[in-house]
């Protein structure tokens, strides 16, 4: 799987191909300039060595020349900047219908949860040729999800969700590293990403012992915690109706507007008073310390699944059976 | 007081003007304080170097077999903290700058000699605390002190290390303050800004960064200390804080700090190359203003350390753009130094070899910086060995080479004696080869995906790691050589004379070693900097 | 040589500072919505400028370099605040 | 040059300066450079305050309503008065009136102590109201976690400021002592000027702390 002396990492995702093109361009341009400097220094050092030259020729400088070698590099830098920024922007913007996987990092392991309920540790199975979006958080310190074969890296922060997406193009097993120093066993926080053909992936999925989808786990928890007594699916609840809310802008009591994304739902569970929806009171208790990171994610998955009938179809883990979780789960 | 002197063996100069411990530890003479700094930072350099060797030895094999994981983490943390705060930052400013700045502008001393001494004492107190930290178990935060790891999870001497860096930071602030005021207020008649040697321009730019950046490091480390000691919520997300705020505060100082380390080195090279090309520096104004440009623009780029940390995409683009902008003045400098050699009369003396090595290695370090400023590429190579290689090319390949160039160049002035030239050349070559062998493989390691700060690593990375470790032993020998022959030369070196290199600059117009007040009479400057066409066309001493 | 300012000027500046303090305290009782912070900071800046210009003699400094130092201090503070806010303000955009 | 330096030399001219004017310029510029390092030091805290106010707006509103408005306002006036007496002390020594200088410095110290006493009363009030961050912190209302952070920053900012006031008292006392020993005159008084600059800077910081902590969202809300 891993050759003994690699000088170029495997290219296993679309992001890797995009990036390699820019990298090769950078390598060529900077390589040529570096070579030029080395050659000039060597040539000058040899040509003008003290035994060959009687006396140095005074030259004060040349504004034209210096302006040129200020502006030309800057022009080239602008190309690097724009190209790099475009790739970065693509890397940060996940396609809308990506398959979502939740990642919880802790000292020193990766916990990964599929929407369908499969849980993995330090190993992530994904199908080839699908857009996969990771929604990541950490239970303790900052970690970083790094897959060299995808040329992707994203810090995983405690107290917040960060995301990463990729589109694998080559089946195989690839390194997953923690790239942000996270304490004693930092170098042990490694795992692998297994990119599989659709058929193999199906087989793997059916072999895994999921306990129902993540959203259904979240639904159970939602009932256990009694959330539904206020967050009713009609307009009579003491809390806002959650159906169809996810991903939409929400008007707040203080006049601001926020988009109800993962981070907002998270904040509203842990710290309900921070951003109150217009028309409601600050009566919800905090669930800080009551739910752990994984339970939070299942609640978020549940809230996401509460789309009105006209909503875009929820994301499924199973390309073969696309609409398995599309039925609204709210009665 | 220095009496009238002629150049004889018995002449009174700053070294023999007074004797005894008191005359050194209570001196306010900038030259003696420079020597105190020289001894102190050399000590810390070898401590940091020792840690580096242990790190390289551990990485010889993929398994973590030489030291435990926590020991390894302490090694790289303390290597970083010692090298950055106790060697690189004070190296050129506090040693060469302290020694040369008053002489280069024709002053008797820095503006605040007692504050200068105080800065050395602060450095020693900070350094002493760092040694105490090391001896009582060390610290494993990395040099970056990232929260919440540092404030809530690690059990080592985090607060102690932070305090020691806090104190060393004040030493650095006081040095910078002194340089700014000295350069503004103490210049000899005729020494206009346009006539100042470029070493002064670059140290002035450095001082700006020291003065404006270091306080922000001080407050961020204070907040880390408070959060850790009293569990006050400032950055820790579990207490409601935002860990990225710490990173912003930290890098606001610590990125410009990179320029604190490299700018003075650029100054040294700008002195050495004209001297051994027997020629004016090409485009004085551009090189001078480039230093100031770097100092200002250097403050607008810090978040390029945070492209994958979870900052806003748009903000990342702003910082990426400024990162390319700050590369322009550095590029100007490299081109101008190279152009200075054109049609010169070039001497392959030791300082010149180091300076040429500097240009090459700094160019490589700078060019790889362009990869890191490109947002998409940074995502892949940040936090890998690519970064490690990149900043070692700047810090060690650039800064340490320049520091050694300067030390050799001004050694005759400092000690009054010549170092052995043949040994000097040998050491320069050894360091150049050892350096490249150590750090070039790390670029490839990083590109292929080996993360930094890894105690054990997948086996396919071993070949390059072995190469790197092999290089580090060569590098270690290279660094020991100058240490030995400098000491040797103090007793056995040839007498240097006032101006062995036939160099321009006021410091060469006084005796070697200089008298306590540098000049018998305040000089009056009537010439431009680097007036090599008016100086001997040959370097007198290099035969 | 150094510039000597009359005691009268100092008392006048002091009186203005006290008046501004009373004003800013009074304004905080009025609900101006988002403008409360703007007014409060404007008054603070006005007061700060008076202190720097008169009490700290910045108005009378004849050394350009020292003026440059003062401006640099505030310029760098602005860099710190503004460049950091580029991150926080635009985080919600995407 | 060296003749002119001899002509002007007094026992206060340090050997490495050419003349008193150069020494004075260097000393004042050095003080300013030091003060901008202080600006950046407090700047870090202001940045933390600003970011978190932006992020946790509600909590910040809540927190600032628990400030002691009257003590804050009175303390602002106290510091402004102390700045006046400080600048009058500098004026007095410029005119060579040593006795008046000492009186003004002493009054400045009194104002500074008054400031600290009021600050202490205020801190005590927060202590009684369980507003000290830490295990004893208790807050009924919206978003207590971030309100606690508001108090952390409040105590850190005013704490560092109070530390500067204490250092200021030490510095003013030192120049007061030196003045009594006859060190200063109309010709030489750099230390008093520099202590003055430092003292006004302490006032300047408070001028910004006051609206940020006490005024924003104070009276009219709730």
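Going by the order they are written in, the chains are A, B, C and D; count residues from 1 in each one.
Convention: contacts are C-beta pairs under 8 Å (C-beta built on N, C-alpha and C of every residue); 3 or more make two chains touch, one makes a residue touch a chain.
These numbers come from a predicted model, not from an experiment.
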item: Central chain (distance from its CA mean to the mean of all protein CA atoms); value: B
item: Per Cα centroids, the chain farthest from chain D; value: A
item: Pair of chains joined by the greatest number of C-beta pairs in contact; value: A-B
item: Centroid spacing, where centroids are CA-atom means, of chain A and chain B in whole angstrom; value: 37
item: Distance between chain centroids, defined by C-alpha means - chain A, chain C (Å); value: 42
item: Euclidean distance of C-alpha centroids - chain C vs chain D, Å; value: 15
item: Touching two or more other chains - residue numbers and ranges from chain C; value: 65, 69, 72-73, 76, 80, 84, 88-89, 94
item: Multi-partner residues of chain B (each touching 2 or more other chains); value: 180, 184-185, 212, 216, 240, 242, 244-245, 248, 252, 313
item: Residues of chain D touching at least two other chains; value: 25, 29, 33, 36, 39-40, 43-44, 47, 51, 55-56, 145-146
item: Chain D contact footprint on chain C (complex, rising order); value: 1-2, 4-5, 7, 10-11, 13-14, 17-18, 21, 24-25, 27-32, 36-37, 40-41, 43-44, 47-48, 51-52, 54-56, 61, 63, 65-66, 69-70, 72-74, 76-77, 80-81, 84-85, 88-89
item: Chain D residues touching chain A - in the complex, by the definition given at the top; value: 56-59, 141-143, 145-146
item: Touching residues on chain C, where the partner in the complex is chain B; value: 65, 69, 72-73, 76, 79-80, 83-84, 86-91, 93-94
item: In the complex, chain B residues that touch chain A; value: 64, 69-70, 73, 140, 142, 144, 146, 148-149, 152-154, 237-238, 240, 242-244, 277-280, 282-286, 307-310, 313, 316-317, 320-321, 324-325, 327-328, 331-332, 334-336, 338-339, 341-348, 356, 359-360, 363-364, 367-368, 370-371, 373-380, 382-384, 444, 447-449, 451-460, 463-464, 532-533, 537-539
item: In the complex, chain D residues that touch chain C; value: 21, 24-25, 28-29, 32-33, 35-36, 39-40, 43-44, 46-47, 50-51, 54-55, 69, 73, 76-77, 80-81, 83-84, 86-88, 91, 94-95, 196-197, 200-201, 203-204, 207-208, 210-212, 214-221
